[in-house]
Amino acid sequence: MNYLYYPGCSLTASAREYDLATRAVMAAAGVDLTEIDGWTCCGASAAAPISDLLSLSLSARNLALAEQTTADGQILVPCSACYLNLKKAHEALRSHAKQRTMINEALAAVKLNATGSVRVRHLLDVLAVDLGARHLAPLITRSLSGLAVAPYYGCQCLRPYPEFDDPERPVSMEPLIEATGASVHVWEAGGRCCGASLVSTHPEAGLKRVCSILKAARGADLIVTVCPMCQMNLDAWQPKASRMAGEDLSITVLYLPQLLGLAMGLSHHELGLDLNLAVLGSFREKMF
Amino acid sequence: MTQAIHIDNEDWLSGIRSFLATVMDKTGIDAMLVPTRLAVKNRIMPMLVSDPARLAQADPLSPAFPVNGAKQLARLTRLPAGGKLAAVLRPCEIRAFNELVKLNQGKRDDVVIVGIDCPGALSNTDFRAFADRHETIDAATQAFCATAFSGGPVDEAAAFTSACRACNHPTPDGADIAVELFGTDPTHGLTARARTEMGEAVLAGLDLPPAEAVLPQRKTALTETLDRRRQYRKQMFASVAGATDTIRGLSAYLADCVNCYNCRAACPVCYCTTCVFTTDTFRHEPFQYLQWARRKGGVKMPTDTLFFHLTRMAHMSTACVGCGQCTNACPNDIPLSDLFSLVGHHTQEAFGYVAGLDLSQRPPMCGFEKEEYGEVVGI
Amino acid sequence: MHPHLISGSPTTHDDSDAMAPIGNLVNACIQCGTCTASCPNALEMDLTPRKMWRLVILGRLSDVMASRTFILCSDCYTCTLRCPRGLPLTRAMEALKGIAFARRETQHRRSRLFYETFMQTVRRYGRIREMAFMTRYFTAMKNPAEPFRFAPLGLKLMGKGKVEMGGGKSTEIPLAALFEKVAALERTPDKPLGKGG
Amino acid sequence: MDRKIGSALVAGAGISGIRASIDLAQMGYRVTLIDRAPHMGGILSQLDYQFPTDRCGMCRMLPMLDRDAGIQTCLRKGLFHENIDVLLGTTLAAVEGEPGRFEVALNQAPSPIDPDRCIGCGQCSDACPVSVPDAFNAGLTPRKAVYLPVPHNIPNTYTIDPAACTRCGACEPVCPTSAIRLSAMGRQAFRILVVDDESIIRQSLDAWLGDEEGYTVETAASGPEALEKLAATPFHLMLLDIKMPGMDGVTVLEKARIIRPSLNVLMMTAYATVETAVDAMKIGAMDYLIKPFEPESLIPKVAAAYEALQKTAYRRQTVGAIVLATGTTCFDPSVGKNPMGYGIVPHVVTSLAFERMLSGTGPDGGRLLRPSDKRPVKKAAWIQCVGSRDLQTGADFCSTACCMFALKEAAVARRVAGDDFQATIIYMDLRTFGKNFERYGQQTTSTEGIRLERGRVHSIVPTPGSGDVTIRWTSASGKIREECFDLVVLSIGQRANPHTTALAEGLGIDTDGFGFVKTAPFSDTRTLRGGIFAGGTLTGPTDIAESVIRASSAAVNASRTIHRAGGGLAEKADDLVSCRDVACEPPRILAVLCRCENNPEYEKALDVLSARLQQDPAVARVKILDRICTAQGWDSLKETVSATVNRVLVGACRTFIYGKKTRGLAAAFGLDPVLMEAVAMDHHQGLAAPATVAAIMAGLSRLKNVSMEKDQGIAVVNRALVVGGGIAGMSAALAIADHGVDVTLVEASDRLGGNLAWLHQTIDGTPIAPFLEDIIGQIEKHPKIEVMINSRVVGAFGQAGHFFSTIETAGEPTTTAEHGAVILATGGGEAPTDEYGYGTSEAVVTQKELETRIHEGRLDTDGITAVAMIQCVGSREEPRNYCSRVCCPTALKQALWLKSRKPDLQVYILYRDMMTCGLSEAWYTEARRQGILFFQYRPDRKPEVRITADEAAPVSVRLHDPILDAPVEIAADLLVLATGIQPRLPETLALAYGAERDRDGFFLEADSKWRPVEALKAGVFGCGIVLSPRSIAEAVATAEAAAGRALAILTADRLPAARTTAIVRHSLCTLCLRCIETCPYDARFLDDTGQRVLVNPAMCQGCGDCATVCPNSAAIVEGFTHRSMFGAIEGAMAV
């Protein structure tokens, strides 16, 4: 299996461990990742309000680069926000002739042209559908039994494009978690919003989202995420959320590939576990 | 609207005779149905009187109650009679007549009804004995009136029928003109009061002096009478109910019945021209009688006596006015009226119905109500 | 309360033209309130989403701009998913942010600067350099207290070596040409991809 | 009048199909009624209660005239009519030909259980090891793979669900009557012979085709062996190897074609012998495969042969016209993007499941318990518009029935669960748009304590720590509400039947984007192909009453097609066999008892029973026959024919069979059918059970006392009188006249057309004037229609079959018309108003005035910038407390028209609940999209209108906007008031025909759901807006429905009286008239002399109310004389 790889800005900085773990787990699963050469920011959630065309063009630029590498390839995207932006651009290129023309007019300025021939895939989509528990289970060398894992999907890998999971009640992570021997923490918050950039821009509103998710995770040993924004909101802001809630909401938060990697016997160094902001001592003792 | 007149200076019997004659004369009545002494025998029967002179023999105050006059009046009013009619009736006769009117057997509009307070009546047997103890029928009536309306005993040998003792409607509420006697001194004349517009029109044309308001004595006498009757009625109901609450008990109660059907003939609200019991319906196949005999080892002949009474209950208990004529008619002294009053009381109660009182109240089971459907079939 | 005056006469309309493209997105709204009940941030909003859409449909731009409802949209797409009319509500929210930024609404300055600074970083480096972005943002905010709000987080990230401290020229892919071309295209009279278009 | 006979096909045996079938059967056609399901009744088989009665009542659809042509029984159990053949498990595979002569192919699923043998004992089900959710109980209970589709069906034959059945065979041996043949089911019935010398090939083909694909496979290792097998048993397909030692494949093929000429043969060849294979095809092989091959290349070829065989088994017949009534399905929330917790959160059920929970045949015997923990439900919420009005689920339509459905469910639930039951309905618009719906809604919500909440729920989650359900919605005021319920009911919408598209494609008719069948303009039932009509919900979601109306409309249109084509496709009716006159003979009864079990107890019971019967001198003979329900048994019954008996009593377990066959049996005996009596010997009770014996003895007694008098019925005047020359009256007149029946059409005004004269166009832009001209043209040139304008009916009397009407025409002498039926189509008009400043300003107009201005080109759109419309003016509150249904679509129509003329014109619509039911919802969506502004108002907070002096905006409307929770003021150039429709049915006219008006003055129908276009009094019909407010297409549908129902009378020479009718024995009658008063069908009346009570035998339904009130049996019902009743009682008592 071979995928083009679009890490996105976060994975080069605040979510470096996500990048490390993704690459490590994919390698262990025999999947080749080819990073798109010269990729740039997808525009995140900031471009669209400024300009739709800009937002689409920024993402399309990356699709164009991908097409140059493998015209009928598939891009694996670990970041949900990047995934959504690339997907929107892909959708515009595929389904809206007028938009395709406009985008390519803009891309002409950087001497690129995009057709939308590559497919955009979220990391979770690839893990759950292409690999699946059936493929991953044989790679598990270390059972994580005894751990209760709360699967946190966030929003943008589920919505608005219901590509690989039920956007109201996602389940795609469950077989993967179960494959590691861990149990799934049953909760309703898996697809609820983490607050996204509100946590930075309007913390009084955003932190409430964080609080409610962390509260719902009570009883779980850890939360796993598939998006750097979600991860940051759930781990980095834990102290602040705890203060806001007036109770200790600390919990270990890992990226999904980190959890899988642990079960596959990869080292914490390979998985970038040292970079995580919220790994409780108890968890550390148990696992490391 | 009530207009009342006073009839004075005479004894009641003379007073009422002169009053009826005045009504006939002044109101242009062609004929009047009134209890009257027979020319051929010292007996009282309803008579259709067209000659006002014959009213000298009229005697609506006598305790004689040979038949319920409602049935007779229905015959007179069923179709246009070609003349103006009046009728003098007991309260239970009026009630029975009203039931017949509802069943399209008579017309109320075509007749002026004079009703008279009723203290009760005697069975035919008792009346004959009572009458025979007096010189004349008039004397018997005078003797009766002397005590009856104040609640005293009528005669030592003669007692009111059970139906009368249990009657709770002794005043002629449905009449056009009501003659009030309860609580009144026989020597002080009597009061006739209009109860309808028609009655009012009649009285207005008589040139008789107006009466006073209702006397307090009347109220007292009525209250006492009703109390006494209620008590009797309660006891009577209890004892009949106790005796008939099983099929066996009921069969015993009616055991003396010989299917003479007299009770049915006497009943004022049994209105069928041909009763189903006199049709061929109950002339069973001989095979059938044999089957019955085979099944039980023996069957009482005539058959269907119990069924006859049950059928009559089913047909007329909602219309039963409790006049007592069934008991009066029974040659074998079955206290039928007690039983029918009891059953009538319950069936009428079930339908929120009172027989004979309100002409505008339709008899039960007369119409098809969609809403009842669910109740009846239970869905 | 003074009634909102609405009438067919455009003079009494309140800059409704500016919102017309958004109106086209949400006109079919039947005010059922699914968006409000679904929105994770509805409780923090001054206008419920339903109320805000109602105002958008009624063309009441200033009331909408005065609200922080659309700024508080965290792009979770739950309302978009659930809207029985299938309206692109999240997209309409983004478009409202765009209008507010373009109008330089003072009450939304902080958000605007956050977004604008972000894009400037992208324009200059091609990728987001978190430190550079934050520095620019705090400068733009001209609020000396602002950096402290993020200080603990920044320090934590730096401690983990998770913030690019500048340098690393090799990853710099300036996108000014693309930004300018887009701007030029949007200036042309026929702008099929204008805000919310 | 043309007397033509023909036949029709009705596809779909739900309520609409049943209605259409009965209508066609009553008009004399032979009807084939098919349904894909193994049971009748469609979705209504699952519903026990319908509003407004909150009961069933489907049986009211049964024919009231000529009742004896069918069996009067609960329609949810079955439909038995001598003109209707019901084929279940059958689909319409193909249609060829032209209107009037269609060749149809019907695909009947082979039934592994022989319905003639199955006695419904259920032993097969007990033996079946498979358990699946029972769709009948909406999955709330399990059932076996062999099961009863509907517990109350007659005949209640078990059936096998091929999808669930594992073919384990456990059921076959336990069946006491050997009714089950699993091998007859589907692919298993397809027999394949594999002939190959290599055992590996034989084995793998056996595995692929037998084990995997489910065919029956046998193998032969050589040519001779194959030929031996072919000679012994038939096969459908042979897979034949070419290269075999001894006899080669081609030789085998040649020989096989002699033994089995129609055998399909598929050659298997190596690459080297392809040429031989090609030659083999020349001598009759169907195809060849080159070895080695994969299952993927083999299986389609086998499947094709199988399909081809299936097609040859299609039942083919010729019909004159086709009515499609295949209905809709319920929306399944679990498949959508928003499952609403369904299938996820416990105690979230669909409205259909809730219906089953309330049912006595449901999971808990009608006690309202939660599905999983069986806790009584005391607090439930209904969530409306699940899968309706939801573009996310592809439903830009309103399912129409769910609002009333929820109100009914809540009301019934409250009755079932007690007064402490709390019901909450969360809705978007409460669409109480039908006749009496508004009052039912108001009454239900006030007296039944049902809480209504305007809102749309989204979040549905389990309440932590309990089995309850927490839901969240935004209240009208904007507050976010969260509440916990024992149970949440999803009011699921209707969906086009998924099979409709394929059906439509096959028939060459169109469907819309939602999968509903498209119809011709101004019709709800004419598909785009002549001769094919659609009833019920096939053309768009609707409720029961409208489904029934559409079904009747489709039926009458089908009938017109057959007439136009000349009719005459029906099997010839048997000539009436002359009957022996046995009236003067004493009864000599042949008693026949059926034996369907072979065991000593049964034999003993039969002996006892026959001895009992023989005791009666009227019984001439007792015969015991085996299994009369089988063809063999029936033949043996016919062999007992003898002239020595003059009455026949049949005691057997399934009397419905004899009900249908009685006439045949009677003919065999040369006796009147009334002398045949079939009595049910209930095998569930046992033959010796007192109830069984009692039933037989009662039957004996009925037979002994049967009356042979037969009423000759009433002569029919074959003319219809239609009162009212609007679209409804004209449509009805045309539908009747097209059948060759004369019609007198009376119109009060000086021209035909009614309201259509001022209507401009429909909401989809179809102009109305050409349509009206066309209709008037048809009327005027129709030789069978006599039009009387400037005329009115001033008096009438008579009965169904023969009415006399006095008609006054301006300036002409009064005439009297004699007719067999009357259709009242006097219509209605826009209600007057003086609200909202109407009459004080030219700027305030009604919707009619606006339409007229548009129609006459008097509306100057250039001069105006804003138009406001107020809906429900004087409607949905006393005294006009009903929804006029057309006003909301009308407002949308005008608004969209205005917008199309002048896009920047502002249009404001002030409404209470938008009543855009069915497919008109899409116009609502479109209007919103176009920027038309909608403001909801409550009746306790109505808009206030001020007429200003401002010329630029002469009208100012103030109201409270509930969403903004703020006052809003609208300045408009024009204010349009929707005042609704009021009927025009003079009381004297209604009374003249014995019809009644409802409290709002509309024509009172016999039953709002089941008999929606007829009065309780037979022969009197209503249609158009005199029935209730409706659109043009809906009015036309009612007109055609009324015409169809009237034709059931008008096409007969005499109205046949039923066997069981009341009579009067005048010598006994006392004329108390209680019987007249009590008769619910107005069948009794006093003759002109006033001295005799008479009965109209065609109208009498034999209910016996008269006999009950009559004290002396002057009123009796034929067949229920005292004698026979006593005998029946005696029979019962004698046990």
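Per-chain numbering from 1; labels A, B, C and D assigned in written order.
By definition in this document, a residue touches a chain if its C-beta (ideal position, glycine included) is under 8 Å from a C-beta of that chain, and two chains touch if they have at least 3 such contacts.
Only a predicted model underlies this, so the values are computations on that prediction, with no experimental measurement involved.
**Student:** Which chain is most remote from subunit C in terms of Cα centres?
**Tutor:** Most remote chain from subunit C, centroid-wise, comes out as B.
**Student:** From the mean C-alpha coordinate of subunit B to that of subunit C, what's the distance rounded to whole Å?
**Tutor:** Each chain reduced to its C-alpha mean, subunit B and subunit C end up 96 Å apart.
**Student:** Just how far, in Å, is the C-alpha centre of subunit D from the one of subunit C?
**Tutor:** Roughly 54 Å separates the two chain centres.
**Student:** In angstrom, rounded to a whole number, how far apart do the mean CA points of subunit A and subunit B lie?
**Tutor:** About 99 Å separates the centre of subunit A from that of subunit B.
**Student:** Could you tell me the distance, in whole angstrom, between the mean C-alpha positions of subunit B and subunit D?
**Tutor:** Their C-alpha centroids are separated by 58 Å.
**Student:** Hey, what residues on subunit C touch two or more of the other chains?
**Tutor:** 43, 81
**Student:** So which stretches of subunit D touch two or more other chains?
**Tutor:** Within subunit D, the residues that touch at least two other chains are 337-338.
**Student:** Viewed as a graph of touching chains, is the assembly arranged as a line, ring, star, complete set, or other?
**Tutor:** It is other, because the touches fit no line, ring, star or complete pattern.
**Student:** Which of the residues in subunit C come into contact with subunit A in the complex?
**Tutor:** 40-41, 43-44, 68, 71-72, 74-78, 80-81, 90-91, 94-95, 97-98, 101, 110-111, 114-116, 118-119, 122, 126-130, 149-150, 152-153, 156-157, 160-164, 171, 173, 175, 177-183, 185-186, 192-197
**Student:** Flag every residue of subunit A that touches subunit D in the complex, lowest number first.
**Tutor:** 162, 166-169, 188
**Student:** So in the complex, the part of subunit C that touches subunit D is made up of which residues?
**Tutor:** Interface residues on subunit C, with respect to subunit D: 1-10, 12, 23-24, 27-34, 36-38, 42-43, 48, 50-51, 54-55, 57-58, 81-86.
**Student:** Which residues of subunit D touch subunit B once you look at their complex with the stated criterion?
**Tutor:** For this pair, the touching residues of subunit D are 53, 55, 615-618, 1067-1074, 1077-1080, 1105, 1108-1109, 1111-1114, 1122-1123, 1126, 1130, 1134.
**Student:** Touching subunit D in the complex: which residues of subunit B?
**Tutor:** Touch residues, subunit B against subunit D: 103-105, 271-276, 279, 281, 287-288, 291, 295, 315-316, 363, 365-368, 374, 379.
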